[in-house]
Structure formats: C-alpha cells, structure tokens
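Look for subunit A in each of the two complexes below; its partner is subunit B in the first and subunit C in the second.
Now for the complex of A and B:
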C-alpha cells in the first residue's frame, strides 16, 4: 500500500467526522425541545414525543437511512446520500439525547426545584440557571459515550454511498486485495477518533466534579 | 458568631430597617389561614387549619412527625397547593379552592421567604451567586446592585468571606446561613423555616439559631417548624402544637411550654424532655 492509497481513507475520515459532528449537533439541539415535549403538562404532546422517541429508537439505523434515502429520496424529494445520512442519524441522536437529558434532569434533587420555586424564579430561569447546568454535568459522560457510539454508527452511511471511512476502506480493499491491512487501518482511524472524545469528556467531568461535587 | 450578631445590628441600622430589639409583635394580622386543608388520597394531612399570625410575631410549630407541620408551611407558599381554604397575607387573598394564577403565586412567593431543612443551595454557583441570582431574575436588579445587597446579607450572617466559594466548601451551618441570606435577598415580609437545624449537629445548629434569633429581633414575621425546644420557648412569641393535621394547642410560648393545657401537648413535651 502506498501513501497515495491513504488519501481516500483520509478523505473518508473527514466525511466520518463531519457526519458524526453534524448528527450529534442535531441530536444535542433537537433533544432539548423533544425532552420539553416529553415532560410537557399537555398529555397529547407528551404522548406524541414519547411515541416518536420509541419509534425512532426501535427501528435500526440502517433502515432509517434506507427509508430516508430510498423512500423519501427517490419518491418525495431528492436528497444526497450525505444529507440523508445526516438526517437519519441526527433523528436517532435526537431521540437518544432526549433520553440522556431526561435521565440527567431526573437525577437533580427535588430540593433544587423547590428552592427555585420558593424564590419565584420563573420556569425559564429555573431551566437555564438551575437545572440545565447541573443536568449538563450529569449528562456529560453518557453523552460522550453516545458520541463515540454514534461515530461508529456512521459506518452505516456507507450502505447508501456516503464516501466515509468504512466506504473508502471497502473500496480500497477491493482495489488492492489487502483487506486485512486496509481494514486494520480503518479500525485504527476509528480508535484515534474516539480517544480525544473520551479524554475531553473525562477532563470536563473531572473539572466540573471538582468544582461542584456534593 | 459574635461577629455575625454585631454585623446584623450594624446592617439594619444602616438600612433604616431596625426596630427595637425584642419589640413585641403588633396587633395587625399579617397572615390569616382559614379552614386550610390538604389531603393525599384519603389521608387527611391538614384538617381545616385556622391560624392568625401578627406582623412581627415569631410562631414556633412543634409536634410529632406526620402531624402536618411541614405541610402547613409548604401550603402557605404553595409548594404544596392546599385543597381548600383561604390564605390571606396582608392585602392579598388566595382562595385555595380555585386555580391560582401565575401572578398571584408570584406575589405570594415574593412576600414569603422559605428556608429548608436540607438548605437546597445551588451547588453549581458561588455563594455570592446563590444570593444574587433571584434578585436579578425576580426583582430585576442589576448584577452590581444584587451583589452589593448580597454582600450586605452575607456580612449579616457572618459569611462575607465565603462569597467566592462554592457551597460544598461550607459547613452545614454555614450553608444554612447562606440559605437564610438568599431568602432575605428578596426582602420578604414573612420567613418560613422548615426544621432549619434538623440536619445539623448541635453546635452548627447553634450558629443558625443565633442568626434566626437576630432576625426575630429585627421584627421579621417568622413561622418556624422546629424540634428546638429552647428556640420555641425563648425566642418565639407563640408556640403551636400540631398533631394529626389539627392544632392541638396554641398560646404564648412560655405558657405552652411550661404549663400546657392539653393532654396531647403534655405527652409530646414529656417525650421531648425524657430524651
């Protein structure tokens, strides 16, 4: 294998990073309103959010990508493989992040809600000033694990033709007939991607824990 | 604690809110509860409580566990919405049988401060921020104004040097004094204390009681659910005994504590003294 063979892998790496970051960002942002709906006082909204979360999580990611790319993409609106993968994985990430947030919020001591209510902090202030910052710390390790899982899950996008890391690895192995080396290298790239996420999460968690540990 | 006591008087004189120490409570009724009731399923926690608290009065509520003391306190500021009855605070009246508007709830909670058994400080904020936050969000004070007022209050409870720390670095007694300062920051007319020293060892409890005693001396209207019999007898004006969701007995603190009339009160006080 020459250095030139590495180029497609590096290109694939950038697509993997873009897909992971994009889907996680979508999930992290959309997870908040989804959680709000899930915890809403209006039961139809609560029911809708709960059902959506269950359905999104129950269907395998690869099927979501097929539904969006082959289903919507071919019939309803044209969509590029990357956008279809981003949409599908973003959707799944939103459902999962909503559940991670829900667990984190539930772990906040009820006394925090009571003290906030007794001080007449409004709903928005209670969320922004009291609950969210504390829940963020609780959610951080789970969110980081999920991010690593999501990064690996992006390999599924190769099935609809997104030229990410696994896709490029597959191409290269077929060109060179050196599957073992190629896929070992691809595996190494995934490991290298996960290391900084795990490290950052530990550093951030340690910092926050030292500051506010009870 | 001497420092805190000294500061308390200094601070009050500076702010023109000082009243002669141990000033007797006025005859104006500040809080009136009429037939206040609360139940969980079929279990009646508060069975039509009628209660008047005068402006400047310090009322201690004592009684066995499960008697409804804490629930009564929590119903007054609507942390637990009562099922029925009327709450009147000054000119404001809330009919518990009707849904309460957000503005009414807001008005109620601004007039009534609350201190909890477990302090409930915000662990992710500095001590100063704990005291300042609600001033900014609720009263609309600027950060600088709020911090200035917070520092006065922290001085008042003897903890100005802790302003930059996080609550986790403070002892239980210090945390409770910070919680008192946080509550006072909204300039409430009434302070509710829900077993403020129960989570503290006796020595740390003392420093909290000293702050409460000073607060009482400035004329603050206080309702204190407590197991501190010394506080009930010596600091409060009135003692009320509750059992099974009822008021068993209520009267001037020394009378009730030394010469109780009701058999239930005698039994409770005997149990307390026998410990």
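Now for the complex of A and C:
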C-alpha cells in the first residue's frame, strides 16, 4: 500500500461525512413534528406516530436502504444510491431523534409545565419558550452519541454502491489483496471521525451547563 | 406492490430458512459475546496495566468501528494471514466481538452501580475476589444490566443483516436473491421487513416490560 492508495479512502471520507451530516439534519428536523404527533392530544395521531417509530426501528438499516434503492428505485422511480441512502438513514434518524427528544422533554420537571400553565401561556408558547430550551440541553449528549452511532451506520450505504469509506475500503482491499491493513485503516478512520464529535459535544455541554449554573 | 398469495407461499420457506440463520447467528453471538463482555468489563476494571490496556483496546475498537467493517475485516482481512473462515463463523466472531465491546460497558456500569457498602461487607466477611463477584456483585449488578442487555440483543438481531455483505444466506440475502431472480424487489424485501418486525416489535415490548419490572423491584 502506498500513499496514492490513501486517496480513495480520503474521498470516501468526505462522502461518509456528507451522508452522516445530511441524514442527521433530516432526522433532527423531522424528529420535531414526529415528537409533536407522538405527544398529541388526538389519540389516532399519537397511535400513528408510535407505530411509525416502532416500525422504522424494527427493520434493520440495510433492509431500509434496499427497500428504497431496489424496491422503490426499480419499481416506482429511479433513485440514486446517495439519495436512497440519505432517505433511508434520514428516516431512521428521525425516528430515533423523536425518541431522544421525548426522553429529554420527559426529564423536565412537571413544575415547569404547571408554572407555565399558571402564567396562562399557550401550549405552543410553553413548548417553545419554557420546555424546548431546557430539553435541548438534556438532549445534547444523547444526540451526540446518536450522531456517532449514525456515522458508523452510514457504512451500510456501501452495499448499495455509495462510494463512502467502507465502499472504498472494500474496493481497495480487492485491488491490493491486503484486506487486513485496509480494513484496519478504515476502522481507524471511523474511530478518528467520532473523536471530534465527542469532543464538540463535551465542550457544548460544558458551555451550556455553565450558562445555567449561576 | 405487495406480494401475492402465491408468491408468499413460494417464498416463505426460503425466507424462514434465512430467518433461522439470522436467529442462529444472533443466539451464538450473544452466547459468546455477553460472557466476553463480562471478561472485558473485569479486564477494564483490573489493576494490571497490561490486562487493562488490552481490554480497553478490544472495547474501543469493537465499539468504535462499524460492525460492517469488523465483519469485513475478519472475513476478507484475516485470510491474508492464512486464517480463512466460513462466512458463518466470521459473522459470529465479528458480532460476538461487537457484543462483547458494547455489553462490557453495560456490565461495567451495572457492577459499579452496586453500592460500595456491599463490597466492603463482602470484604469484611472475608470472601475471595471471585466469591465477591459471584455471590455479591453479579446477582445485583446483572439485575440492573438486564434491560439494557435485552435491548442490545434486539440490535444484534438486526445487525445480523450486515452479514449480507459476506454472503451469508440470512434473511436479507434471501430476500435480495428472490428480488434479483423474479425482479419483484419491493414485495420480497417488504416480506423480509415484516419478518424482522414480527420479531423486533414483540421483543421491544418485552424489554419495556422487563424494564418496568426491574424498576419495581428496585423501588421496594
């Protein structure tokens, strides 16, 4: 293996980062309405959201990617590997983020709800001004560890031909016949990628904690 | 869009065969992985520097690298050292490693959750280190760890789907094969999804139930 062999791995790295960031963004945004539906006062909506979350989490990521890429892609409308992976992982991230948000909201002391109700704030206003800012701080560490998990999950996108890290590793190992070194290197890249996320989350957590600990 | 009656009866034996392999891999990985996790947890807690270092390394690699990469490292990588494994045993080794790494953290946290007085009492009674672990720490710690271990078991069951990449004929591989021969991808993959959900969803409810029960016990 030479330095030139590393180039495809670095190219794969950018795809892994793009896929992770994209899927996480989709999940973090879609998780909010999903949480709202999950906590809705209308039971059909609540039931629907709960079922959707259960089903999304019950099926392995690789199967979701196949259902979207081969199932929808061959049957309904053609879809590129990257978009299929983004859709599948975004869907999974949304279900998981909704659960993370739910846990964070549940951790807020009920006195906060009562106090807001006593102040006659509306339901939306309670959520936006009182609950969400506090819940955000609670959700941050779990969201960061989920982001690391999601980053590793993106490796399954290699199975539908997204040229990310695991895919490039696979190609390189077939090209050089040095699977041991190549896959060790790929594993190392994933570990290295997770370090800045863990560090950022610790810094952000410390900053937010310092803000409330007056 | 959906599989017809005839297709279901034609595909079902094949898919169930795949499911059975997925379940076998899950069972064996957990059977090897959880005791391995206990060993790793004890290794990380050990005073011996070498033991601690090796355990930490195995835990960090097993958790830090994606399961897919572990799988390919063992199946495609190890043969270059002269060690060739069948896809079934490679799957079990990789997933057991993954299980061991994750469960070691669960087990370590649960052992450390046992009140310090219990360890002191065990020492005061003159129990050996092994007896302390066997009769005092594990019975109390594992009760705390049980819900998390069961939850992780569902993830490993889903993780067996990664073995598609090393040509193990498990559920996803079978569904994909049916799809590529009949060109009915969506119905075949959907059928596999239903089979996964049929196991994962009841299992998730069971974990929820156990979690509540374990909580009740601790509250008494």
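In this text, the second predicted complex is superposed on the first by the 212 of 214 C-alpha atoms of A that agree within 3 Å, B and C clash if a C-alpha of one lies under 4 Å from a C-alpha of the other, contacts with A are read in each partner's own complex, and residues count from 1 in each chain.
The definition used in the following text is that a residue touches a chain if its C-beta (ideal position, glycine included) is under 8 Å from a C-beta of that chain, and two chains touch if they have at least 3 such contacts.
Everything numeric in this text was worked out from a predicted model, so none of it was measured.
By the touch criterion defined above, A:134 lies against subunit B but remains apart from subunit C after alignment on the C-alpha atoms of chain A.
By the touch criterion stated above, A:120 is placed in contact with subunit B alone, subunit C being left untouched. With both structures placed on the common chain, the touch criterion links A:153 to subunit C but leaves subunit B unconnected.
For subunit A, the partner touching the most residues, choosing from subunit B and subunit C, is C. The touching residues of subunit A, counted against subunit B in their complex, run 109, 111-112, 114-115, 117-122, 125, 129-130, 133-134, 137, 211-214.
Interface residues of subunit B facing subunit A in the complex, by the touch rule stated above, are 77, 79, 105-106, 109-110, 112-114, 116, 118, 120-124, 133-134, 137-138, 166, 168, 179, 182-183, 186. Contact residues on subunit C toward subunit A in their complex (touch as defined above): 1, 60-61, 64-70, 72-73, 76-81, 158-159, 161-162, 164-165, 172, 175-176, 179, 183, 185-186, 189-190, 192-193, 196-197, 200-201, 204. Against subunit C, in their complex, subunit A makes its touches with residues 54-55, 57-63, 66-67, 70-72, 74-76, 152-153, 155-156, 158-159, 166, 169-170, 173, 177-184, 186-188, 190-191, 194.
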